[in-house]
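Only one structure is covered here, and it is reproduced in the block below.
A, B, C and D are the chain letters, set down in written order, and residue numbers restart from 1 in every chain.
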């Protein structure tokens, strides 16, 4: 089954839409989903032209396609556990919250909190991702716990904050403090960043670009070889964050290893 | 305006009136229980369902600085229990530290109409009273903290009981408090230096008084002032393996009762009944504690039951919270209050996989089952320290059903039984015991029967809870699931003659009262004009004496219990 | 008439020992207060009556009209924002939160551009704090980090720290060590025993280094960390470790600089670490006199201290998403009610621009920058002068402000109460 | 010349905060403090107007020497003048970078605008009391 949701023009296009109902399993039985535009409850049809093609007997046979002005739609794919969502353009915040299985493909850019507290499945963002990509929620001790988030472009600040399991791969640059409070899982940064892994207590982070300034609280611990994008790199190994009880691993390129402030 | 309700066919248990289970009618008029309902009264057919006086929680943390800080620091807790505005009900959030309306609605749907906030720092009393106003469905009382009060400790050092009494009288009246609360007496002052006291004879740094002296003096002061409640004590060494000795020694400090009520109330005694020397060999000493309790009618305790799951611990016992933080390494808040007390907050998770937690769980139940007299052991979780109060129905069911305890035994750490006597106890509490432990006993211990709390005979306040439970058709020992469900949600909760909750929904906007006490003292004992007291106040507090007392505007429906001090 | 023990409604110190002389509705003099207090009490720049704007011009209007139109604007909006609240009293803040709940609005207070990051940090690691009297009576080491009390909280040092004698600290100026950490020298750093100059944005690394030293991992600290020498880091750590009671006060130098709440988190974790050795507390230097009150009220009603979004009926909180600056930057809100604050002056220009493009209503005694962006302004009495109510000091101590005289201005409760009633009536 | 601008409270800003339409508030809020050597290099003296540009906008302020500031760092009290240059980006935290704004500064013959005019620039309608 293919469900195509094309946005209708809106009078107030900046008012955010919350559409946690947009997950494959919900289209098996019904189309009369509620979505919210600001503080108003709307029918799915009020905001989207909905086209359904073909049958499905289980959610993994459902593919949802979002097109149009989708950059303000939040929470698409929340709690998704099967099937696939393809977003032709940009997507709003919290795409794939708590997702446990299935696949989300974002052809454009994703706003902040992409894959927040994700448990499993796969998110591919072909453009850039915002702040807190693959992160957790305020006050919680664990962020993303499983699955894969892959960003082909850049990502913002606090990427993979509190990462506890699973894998976050950003091919481009990250902002400040990627992997901050990280306690498990893997973070791979293809490009540059600054102050990676502040206060980390576990997990592994690998930075293939310039890591900017490293925090003083990482202890050099030999070197190793790593592979990324089909190339091999000589990596300096750091353990940290020793300001904490840190047992995390930070790998930075031996040839780009940067200043310690 | 005359408002009447006639409750027909109620299966009433009203321990204070000597009714142990009798199908009868209850008439209500103008907020009071009366002989006969006025014409045109609303008729409620209770259909033989269990009908009790409104529930009273004699030790709970629901309002004030540290409770609100528990909310403030825990957005993750707020994700549970979120409800939107519905009818007269406001938005609520939170599980272990719900918003004020969340607390109020949940208590109300469980049939609770009176709640005592367990710890109010005098300096921050205004905050507690503001939250009382936003907890509209329960009449509220505030235990007022004196554990690290400098003026009190100086009076204790000078062995001047009368001065201690005068300070208490002035403070309670100033902050609209209800009773004397001592939390780890002396320990909170020591915590001002990052220290604690080791036992009740360990002197408090600088002040050179011992916890035992503070406790004894305050008990005497309390009786001099003829306060309705006794000293309400959170013993030293909370949560420390081997602390049962401290607790036993403390119980020995309680002088014989002079009248009808205890001279010492020990709160959350589960946390104070540990044997062993470390967390590795912690064991239950509930039998020792219960033995002492059973021989001392002058002592009343509450359980401080823990239940498995997550919660937030919060107490004025600052040093204890720091020790707990060192074990859990999650997050820790602390808030010392100048010249008075302290407080700490940390989130915890009580796990069935943790032997220590299982032992703690067992001890609470054991205390209730081993206490011969239900009037001496009241039901509490020290909400939310042992568990959020919404767990009360589950605790009731555990106390009423050995079978349920046996089922739970299969789920917990199998080593538990070697450290606790719980599974050898056959006792199953009955409906009457539960009625005592959840309302009548509280009313008596708090001394608020005099304002009509805790009973249902004519003259009483019309606080009534009707539960969907038919005692003559239920065997709680077997049907514990029904017991649990029934106590979770009343058919009707009636507060001061008005139906406030029905079938789990709150149906009116509340308007509670705040109950406080004032002891009249002779002019010579008025601390407000005592030169030494006022001078020290000006020197060491950071608010002016004149800005300290809580104004009347904070108690729109204050109920003052006045006493004549024997000074 | 001389009125004693007056509470100052300016900064988070909430000094309550002012002596104010008044004649009728005029303040003649202020004793004990700082310059800010004197200016506040003697200020006479009130907006005289409600004003409304049609197109390009302003006109005088009545309270009735202004209040009715405000209710209509809010009812029309799909994503109304109710912002401000720190300059009013708790009772008014309470109505504000209930109004937001009723409207399905976002409600936010000025913490959002002040100590919001401190709150976020506290939500991660907690907050070992205390009341200010605890510091006054005990502290022998004071640290001001990213704060300049002499300019922002002029009596903080004399009432609570450097110059305040206490029970266990008989001669404060002699017995207390003061450490100031900042990116620049200030009047406050001038009187410090130890001034630690950090390169801008370098606080996080400096805090990490101090934590390492306290944890006994000092051997790993490099020669210089964000402009601070290893030697000074050790000296500072040792001063802290040898304190009997240490108190850290931090300001916007931490909350607003790079890393934001992670800086505060690091400072709190340093404090926790120090508590394993001695007694240490940490406290934010809250700005507005009752900003902490707004946090308290928001929390007991909604569970969250600021940035609460009721659009889905329940309360939702996520700084960065439900915070005012972000909502305005993304042009999400279609109406705004500003109460007791001035986002026109204190938000980035792009945010002010959006306020101008939507119906914005301001409830405030004074003409300020936001006035020019608004459609309606409703003047009210000034709390602490001609209105009274509860305020929370920066350390959480609640104090009731005093009304010195009455005027014809309604207070915030009166105006908001009427708006609330109209909205409730319309909502049924 | 490029600088890092930081903001904060001053006593005078606080004193005039409830009179934002007055020249005294304008003078304080549009005062840019900088190291005297930096001023020398910019060829400006105390009280001279400078145009400060950052985040795609610019605003005119008046200089004041402040030897306590390190070279390259300028200080403006928080308020509408500094905020012309502030980016609304918050890094997902709700808080803009008020303490660290990269700016460039050049002398100008223009004068600082009153607050109401600044608000007009971003779409407001001045109210003159």
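Everything below uses one rule, namely that a contact is a pair of C-beta atoms (placed from the backbone, for glycine too) under 8 Å apart; a residue touches a chain by one contact, two chains touch by 3 or more.
Just so it is clear, the model here is predicted, and its values are computed rather than measured.
> Taking the mean of all protein CA atoms as the centre, name the chain whose own CA mean is closest to it.
Most central by this criterion: C.
> Roughly how far is subunit A from subunit C, centre to centre by C-alpha average, rounded to an integer in Å?
Subunit A and subunit C have C-alpha centres separated by 34 Å.
> Please compute the C-alpha centroid of subunit B, do the same for subunit C, then give the distance between them in whole Å.
Taking the average C-alpha coordinate of subunit B and of subunit C, the gap between them is 34 Å.
> Please compute the C-alpha centroid of subunit A, do the same for subunit B, then give the distance between them in whole Å.
Computed from C-alpha means, the inter-chain centre distance equals 46 Å.
> Take the average of all CA coordinates in subunit C, do the same for subunit D, and state the distance between these two points in whole angstrom.
Spacing between the chain centres: roughly 22 Å.
> Which subunit D residues touch at least two other chains?
Residues 91-92 of subunit D each touch two or more of the other chains.
> Counting only residues that touch at least two other chains, what does the list for subunit B look like?
Only 73-75, 77 qualify.
> Using the touch rule from the top of the page, what residues of subunit A touch 2 or more other chains?
Residues 112-113, 131-132, 137-139, 176 of subunit A touch two or more partner chains.
> So which chains actually touch one another? I want all the pairs, not just one.
A-B, A-C, A-D, B-C, C-D
> Within the complex, which stretch of subunit B touches subunit A?
For this pair, the touching residues of subunit B are 73-77, 79, 330.
> Quick one: which bits of subunit C touch subunit A in the complex? Just the residue numbers, please.
Touching subunit A from subunit C are residues 77-80, 103-105, 120, 123-124, 202, 204-205, 207-209, 211-212, 215, 217, 220-222, 224-226, 258-259, 262, 265-266, 269, 310-312, 317-321, 330-332, 334.
> Quick one: which bits of subunit D touch subunit C in the complex? Just the residue numbers, please.
Subunit D reaches subunit C through residues 4, 6-11, 14-22, 29, 55, 57, 68-70, 73, 75, 78-80, 83-100, 115-116, 118-120, 122-127, 129.
> So in the complex, the part of subunit A that touches subunit D is made up of which residues?
It is residues 112-113, 130-132, 156-158, 175-176 of subunit A that touch subunit D.
> How about subunit B: which of its residues touch subunit C in the complex?
It is residues 63, 65, 68-69, 71-75, 77-78, 82-85, 90-91, 93-94, 98-102, 123-124, 126-127, 130-131, 134, 150, 191-194, 206, 322, 325-326, 331-339, 342, 345-346, 539-544, 546-547, 551 of subunit B that touch subunit C.
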